[in-house]
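Note that subunit A is present in both complexes that follow, paired respectively with subunit B and with subunit C.
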Partner chain A sequence: MKIEVKFYSLFRLNLKSSGIEYDIDGAIILQELIDKLDEDFEGYFSEKLLDSGEIRTGSIILLNGKNVLHLDKLNTKINDGDIVTLFPPSAGG
Partner chain B sequence: MKDYLQRQVEIFTKEENKKIEELNVMIAGAGGLGTNQAQQLIRMGINKIYLYDNDIVELTNLNRQLFYGKKDLGKSKVECAKNHLDNFGLDTEIVPVEETIDINIEVPNDIHLIFDALDNFKTRFVLEDLALEAEIPFIHGGIESWYGQVAVIIPEETTRLKDVFSGADKKEGTPSIISPAVSVIASIQVLEGIKVYLNKENILKNKLLLVDLDACSVEKVNIKST
Partner chain C sequence: MGRIHDYSVLRVDLETRDIKREEITGEKVKNYLGGRGLASKILYDELSPEVDPLSSENKLIYATGLLTGTAASTGGRYMVVTKGPLTGTIASSNSGGFFGAELRFSGNDIIIFEGKAEKPVYLSINGDQIELKDASHVWGKEVPETTDKLIEEFGDDRARVSCIGPAGEKEVMFASIMNEKNRAAGRTGVGAVMGSKNLKAVIVKASEKQVKYNKEEAMKVVKKQTKMLKEDGVTGEGLPSLGTKVLDNIINSNGLYPTKNFQFGTFESTEEVAGEALVEKGYLQSNKGCYGCPIRCGRDVKLPNGRSGEGPEYETGWAFGADCGVDDLNAITEANFLCNELGLDTISAGTTIAAAMELYEKGFIDQEELDNGPELNFGSSEAIVYYTKQMGLREGFGDKLAMGSYRLAESYGHPEISMTVKRQELPAYDPRGVQGHGLQYATSNRGGCHVRGYMISPEIIGAPEKLDPQELEGKPEWVKIFQDLTAVIDSVGMCLFTSFALGLDDYREIVNAATGFDYSSEELLQTGERIYNLERQFNIEAGITPDEDRLPKRFTEVPLPDGPQKGEVSRYKELLPKYYKIRGWSEDGYVSDSKKEELGI
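Coming up: the complex of A and B.
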């Protein structure tokens, strides 16, 4: 199955990449996707997205436009064709 | 029609032009976003701006907050803003409100739009609650470094900021900001607000506009309620 992961804002700047596509056999949950991203981006995403094994406050993870905090957090199931969007929100004004 | 609006008349219909001159808004925050929004809105000839802020002008504001200079340090932001805008002699009424945004404030009963010009998500979520309670469209904008985002929240119609940005209210630290990037986000907010008010198509309903001024890219991301 195919999953598209998109990076925005400082993630994009730091990684010099706008995202990555994975072709994966079988089902996957968000934690496993983050592990996979860590393999490709030298541990960057667990550092930015996680804190003591939970989703770090202030980083946004959307699955098809829904914040995963309102789904099943790190256990959120990711399906074929899903789009995962990752960015730190801009808070200033 | 106000005599200084001739150059924008052809962009809108006759009815829309009339409506713009009747537009009343609330701008929550007289900082970087708020001063830029107010500047754009008076140039469009709207009727009234309620400008909310309870802060005084500080040195760190001067890199991006358009209406203040060193001589204003220590003065009330909204009073300085009103003086600055009134000096142009344009017809928009500026109502300064020295209040902090919290759930107990009374939203003016004659406004059509609320503009987010805040600097943290905790207060944004409160402002969104006030907008939803008053059934008034809320135009979100945020900026940090080269990046920003804009979204339109319409009561009973779109997903809420609080859903999409869950957890962002606990983010700590002071964001780095440069003036031109603030102006871009504020300008997009004003344009979206005008489009919402005029019932135009192609507004950012259930879409988050992510602006990357480092890469010169703008992308729309679909957002959904849970």
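Coming up: the complex of A and C.
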């Protein structure tokens, strides 16, 4: 199945990448996706997004535009065709 | 110069040219802090709420905050308070930069302008020398030229200028007041009131940079809070790197990025116009900070055509971008520069054009009316630049746009196409995607506005904690606390952005340390509640009844057609009764006698 991961804000500027696409066999959960990103980006994402094994305050992780904090957090299931969007703590106004 | 909490007030009668010195001390300061709070109290006590905002009876108050000019982080802000022409409510608009701090240094903590000058004038404050001077030669001039000319005449390039452009002179309903050329007291049309008084500018240079406060105590707190601001992900990294435009992709990805006059919740070309693009395209030159600011979210930008200036901020970029369906960052930035030069509020300017585009595409505005200007089609980069200039100068069709989107849409018999609350244009978050923020829009004391209780922070960003944007439970309580706390921050003279990293206890700590006051956190928050209720009472007496606590019906009747929030409507009407109850108001939203008594209003 195909998953699209989008990077924004400092993730995008620091990694000089706007995202990555994965083709994976079988369903996975968010934690497994982050592990996969860590393999490709030298542990960058668990360092930035997580704090003691939980989602760091202010990090924004969206599954198809819904914040995973209101879904199943790191256990949120990711399915074929899903879009995962990642932001470090950011705000404006 | 007295102690920090003894306010020195300058009362300037523009008609008689009489300038008097007064003082405000004691309980009044303790109860209203300064800035927005104290100026609102002055306006409420002195002004009949029924006055025509653009008549000579209206008053225009420049007020520094309680900690403006001290070492408090971001403590350089000033507020302009008056009765607003756009909404008919109390209007207050806040600006950073360096003008506010310089005004405080000069020993003039508050200036009350009354009456109307016979001919254009400006107020010059050079140390102890304070006088009204002829402004005929700068009348009609844009903001940058006015600023440069007045500084040249003043003879000291360290002087700071706050002025209006042609839009304020011509009483465009959403004209801004600009300081240091690019910083804006933008919203609510304060610039139009200044123009109606024939007051072009205030220029100030203090003889010594000193404000009397408990510096030693305050510095301990400032040190700690600067560290908190530097270490916070938002204020220490996100805002310094990408400025406010980091929000484009966040709000679009969440599905509440208003597009084509709030007809849609996502914009397909966001990547082209987002904050990231500003960096990647190489337009961003450097960061800029206001007085005493460790965050430095301002941007200096240079376009490929050689034009340079400050901006665009998130709201501005959205108003001329997604809301008008425009994906050309060059044109958006050019429209922003024009707003700064002419003295226009960017949010109302961009979104009024967006409303005009919807009116035009639906056939309510005829092409002949456009006076040979470009067609008002969504996506037209030519139109946003052309009509911004026209509205700032009130030329051609711009004269109609200068009334703001509500009066414009109403004049065509379609007020429902104006995305406004209390006649002020809504900013860049669709309330169908954020229920608490929608309630905040509906109840804001200065009309459609995001900075009177920024519920986006908990509902989308997750500060201080993450709330589900579609959940209703608990939202009225959150809105009340955010509105009251914001009133405190605005009155203290610090920047609202500090609240991403600091909380109520931190504001109490710095206020008490600097002033020697002994507020508890509850008392300080109650001060904010007092200010909020006073503003509400002013509005009610001005004829803006609770019936106007409402959103355009598009948000309750038409579900969002696209994106992650597809199918959602705003349910703020379900929240209103609970909100009134929590506020201690009557069931129909009036400030109750018991609440007035409790707060001493």
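The working rule: the second predicted complex is superposed on the first by the 90 of 93 C-alpha atoms of A that agree within 3 Å, B and C clash if a C-alpha of one lies under 4 Å from a C-alpha of the other, contacts with A are read in each partner's own complex, and residues count from 1 in each chain.
FYI, contacts are C-beta pairs under 8 Å (C-beta built on N, C-alpha and C of every residue); 3 or more make two chains touch, one makes a residue touch a chain.
As the structure is a computational prediction, the values presented were derived from the model and not from experiment.
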**Report entry** Simultaneous placement of subunit C and subunit B on subunit A, clash or fit
**Finding:** clash
Requested in this report: Would you check which partner chain A:Leu71 touches, where first means subunit B only, second means subunit C only, and both and neither mean what they say?
Outcome: first
Query raised in the report: When the two structures are overlaid on chain A, which partner does A:Gly58 contact: first (subunit B), second (subunit C), both, or neither?
Result: both
Report task. Considering only the touch criterion stated at the top, classify A:Asn79 as touching first (subunit B), second (subunit C), both, or neither. Result -> neither
Query raised in the report: Which listed stretch of subunit C (24-32, 96-104, 330-338 or 510-518) steric-clashes with subunit B in the superposition?
Result: 96-104
Requested in this report: Using the superposition on A, tell me which residues of subunit A are in contact with subunit B and, in the other complex, with subunit C.
Outcome: 6, 8-10, 12-13, 57-60, 62, 64-67, 69-70, 85, 87-93
Query raised in the report: For subunit A, which residues count as touching subunit C in their complex?
Result: 6, 8-10, 12-13, 56-60, 62, 64-67, 69-70, 85, 87-93
Query raised in the report: Which residues of subunit B touch subunit A in their complex?
Result: 29, 31-34, 116-121, 141-149, 159, 163-168, 170-172, 174-177, 182, 206, 210, 212, 214-215, 219, 221-226
Query raised in the report: subunit A touches which residues of subunit C in the complex?
Result: 232-234, 237-239, 241-247, 249-250, 253-255, 274-276, 279-280, 297, 313-315, 450-451, 454, 456-457, 460-463, 465-466, 468, 496-497, 500, 563-565
Requested in this report: Quick one: which bits of subunit A touch subunit B in the complex? Just the residue numbers, please.
Outcome: 6, 8-10, 12-13, 55, 57-60, 62, 64-67, 69-71, 85, 87-93
